[in-house]
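Data first, discussion second: the structure below is written as structure tokens.
Order of writing sets the labels: A, B, C and D. Residues in every chain begin at 1.
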């Protein structure tokens, strides 16, 4: 039922684990529904002074599809600037893992939402710092 | 489903056939329901002057149970006086053929009814003659 | 004793190739197709394959096939499922009067639950007139049910014409093809039906498995609720071996039907020709528009159960529509629907041929039949005709109808 | 790859002796038991024998057994058949909240048709309290349904006590024994139930066959209408081979249950003891009042589908009550009914042993499990406990419940 790519990401998740000194943390999902994702990002600035995702990691409580797409989204996001990262759609994630069974499509939404939430959290913290 | 006795009477019916000079003819049953029996009797008088069934025959349109019990009732009735013959009950017929499946019990009623109807017909004719 | 089985409309032997195909799914690839792990995958794939095969037999798409436990269940699902799903739209149903009990008894039950049924008459050969449907349709008609072929007299119904009428009026059209499957080409697209019932054991598949074709977009409610198998339309752990067997049987039928039907039909015609030489005998059903393996005779003045029993003594298995042989003690509703008079309705004999029926078997029947009929007629009070008693009497006795 | 099947509650392989018993009824003794002629007699007798065997397993009389196409259908027949038969008497039904979907979904459907259902709570181990029934009974209660054993957590219910209450109030009592048949002694007389459902494929019989015990005098309406087979309570041409197989399986279970259950239970207890050594793990269900082959664990902080998949990679087939692995994306209603908090309900693992399960298979699982759990916990954001996010947040995302 799962693609080879997804199974690989489930079994060998990339960028997995807590990041203690993260600049932003996104927490999405609902344990009552069986999936929760935490996304940690470290933010850097490129030559043009634009912020980008310098490092990223995740922790996921959920099914194989949730774990696999979590892993994939961190791979897709790494090195991207915020705009690019925020544009990673759920279907892009689903495609990247080689497709998902229909009733698992919501899992890729979790992954892209988690990424957005981490960026949002970073921005909020920056605003707070600025105040 | 049928006993050996019944099957024997079905395959080798006793006293079967039309009796052209019958003293009484009983016609019972309903072709719409799939069973009709004609009983023919010849009546004799015994030493005491009592009427009895001297000869008997039948014709039956119906299932194996109807044919088999028809045959059996003629055997049971032959030589009996009217009272005895009229007392042949449906369960006596059913027992005599070695029992009947429940939903075939009505067939033995046809046989005993046929016999009674023949006697009745005989009596009616006697009354008519007497008039 | 010689055994000549000529009741293939009642049930067929399961094809050896079908049994062979089923075998691995009992003790070896025994997984529950709904399970998540890979071991169950084999079972799931086997079910998918069978679904494709059954769909292929009637030119449907695999996801339009729902497996059921029998033709009877498929008919119940079609009729009740449509009724309950559309009950807010209307409660009127039109059905032919010659439907199988699986449909008729479902309808009777629905009647008790507030539905109204119009039964369509048929002509002397068993054919339902499409115009009769047109006249019966009301604003609240939600279902029309006419069988593809009749199981007793073999008459093929003009389904396409009727389905067209239903389509125009946007009414669900169901056809019970349990007895024609494997004997007649069925193309659901060509026919234009919304629902079609199939039964495996009538076409050399195993007993206890059937299917309902549900055209995309046809609304239907489940009959058996539970774990949500079969796209939530029919719950219960999938009967994998039987489903696989049905698939195999469908595949075989599709490939071999043309050739075996031809031989069957020739033999059946030969049988009819010979049997009609017996005095006071007629053929029930339509002379041409009938299943290729069906012959249904009527012998005047005798009753079918005795006939069947006599033939059984000679090793011949056949069936009759007589009241005496039915569990309800009612004569065949099909034979009364085609207008056979009461006194004739009991003298029917249904002979149905199989793929493997041989000429010598038919000859054996032909040899046996005249004597048997003759013997029973000798016992019968009716010889050359029904007498006055039949015509004008108030009947005493006879079966108690239940 | 090594394959260790530990999901016998989902389905069992058909016993080779059962398959052997079924064989002659496919292509050889293939007659339709309802047919009149002697050829069909063999099939009829085989069905009668099987009926006696199935009755024997539960100490019923043969004519109290109605064959159905599955446990699911038996449950549907029991619930809907009782409801429709008694609808003029009342429309209130009492059922445990841990019933199988075959019962729950039937009840849901009945609710749409004007019936009212009271669901009984259960305690933390899954046991329904007889007193709860007493309190729920109304004048218009027509049916009480409590399963004999639970299919997920294996809890055995106090049926006898509950059936007594029902009997006093003259209410039909139904118990679904589909998962306990072949594992626990069932004596319908001793239990005092009116209806009891069985499923063959859970006890080494074939898939696609079940039975409903209907105690003499219990009023019930058919679910599948048609030709009137099975004493007019369940129509459709009898599935002779499967019925024969079910009979054989019942016969085997009756003779061998004592011996195989003993070994199963020892091995299951050994498994439980070992698995509970894993940190943050508990056993769901009752410590003693449970099916001898069932172990249901809860691993905190991880989700069951991933766990099942990981085990599957190692060749182990097992199941979980997690939402992700269910077709409806709902977590197990049984696990929520026993009061597991939302965040824990997804981390369950059900291991069910079979007659032939070997210690080395259990050891293989025991060897695999700690590492697998550990790996998934490393991925999980929740390590030693659920954090504040779980306790106090408004959730975004997650499954859409359907």
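The working rule: contacts are C-beta pairs under 8 Å (C-beta built on N, C-alpha and C of every residue); 3 or more make two chains touch, one makes a residue touch a chain.
Everything numeric here is computed off the predicted structure, so don't read it as measured data.
Novice: Can you tell me the least number of steps between chain A and chain C, where a step is a move to a chain it touches?
Specialist: Tracing touching chains, the least step count from chain A to chain C comes to 2.
Novice: State the superposition rotation angle between the two copies chain A and chain B, fitting on C-alpha atoms only and giving a multiple of 5 degrees from 0 to 180.
Specialist: 180
Novice: Based on the averaged CA atom positions, which chain is farthest from chain C?
Specialist: A
Novice: Just give me the whole-number Å value for how far the CA centre of chain A lies from that of chain B.
Specialist: Chain A and chain B have C-alpha centres separated by 94 Å.
Novice: Compute the distance, rounded to whole Å, between the mean C-alpha positions of chain A and chain D.
Specialist: 40
Novice: Please tell me the distance, in whole Å, between the geometric centres of chain B and chain D computed from their C-alpha atoms.
Specialist: 59
Novice: Do you know which chain B residues sit against two or more other chains?
Specialist: none
Novice: Can you pull out the residues of chain D that are in contact with at least two other chains?
Specialist: Counting only residues that touch two or more other chains, chain D contributes 36, 305, 309, 325, 327.
Novice: What chain-chain pairs meet the touch criterion?
Specialist: A-D, B-C, C-D
Novice: Which residues, counting only chain C, touch chain B once they are in their complex?
Specialist: Spelled out, the residues of chain C in touch with chain B are 301-303, 305-306, 309, 313, 322-325, 327, 329, 331, 342-343, 345-346, 378-382, 386, 389-390, 393, 395-401.
Novice: Which chain C residues qualify as touching chain D in the complex?
Specialist: Per the touch definition, chain C meets chain D at residues 3, 5, 7, 10-16, 18-19, 23, 26-28, 30-32, 34-40, 68-73, 75-76, 100-102, 105-106, 108-109, 199, 201, 206-209, 222-228, 235-242, 305, 308-309, 311-312, 316-320, 325, 327-328.
Novice: Help me check something: in the complex, which residues belonging to chain B touch chain C?
Specialist: Per the stated touch rule, the residues are 2, 10-11, 13, 16-18, 27-38, 59-67, 103-104, 106, 109-110, 113, 117.
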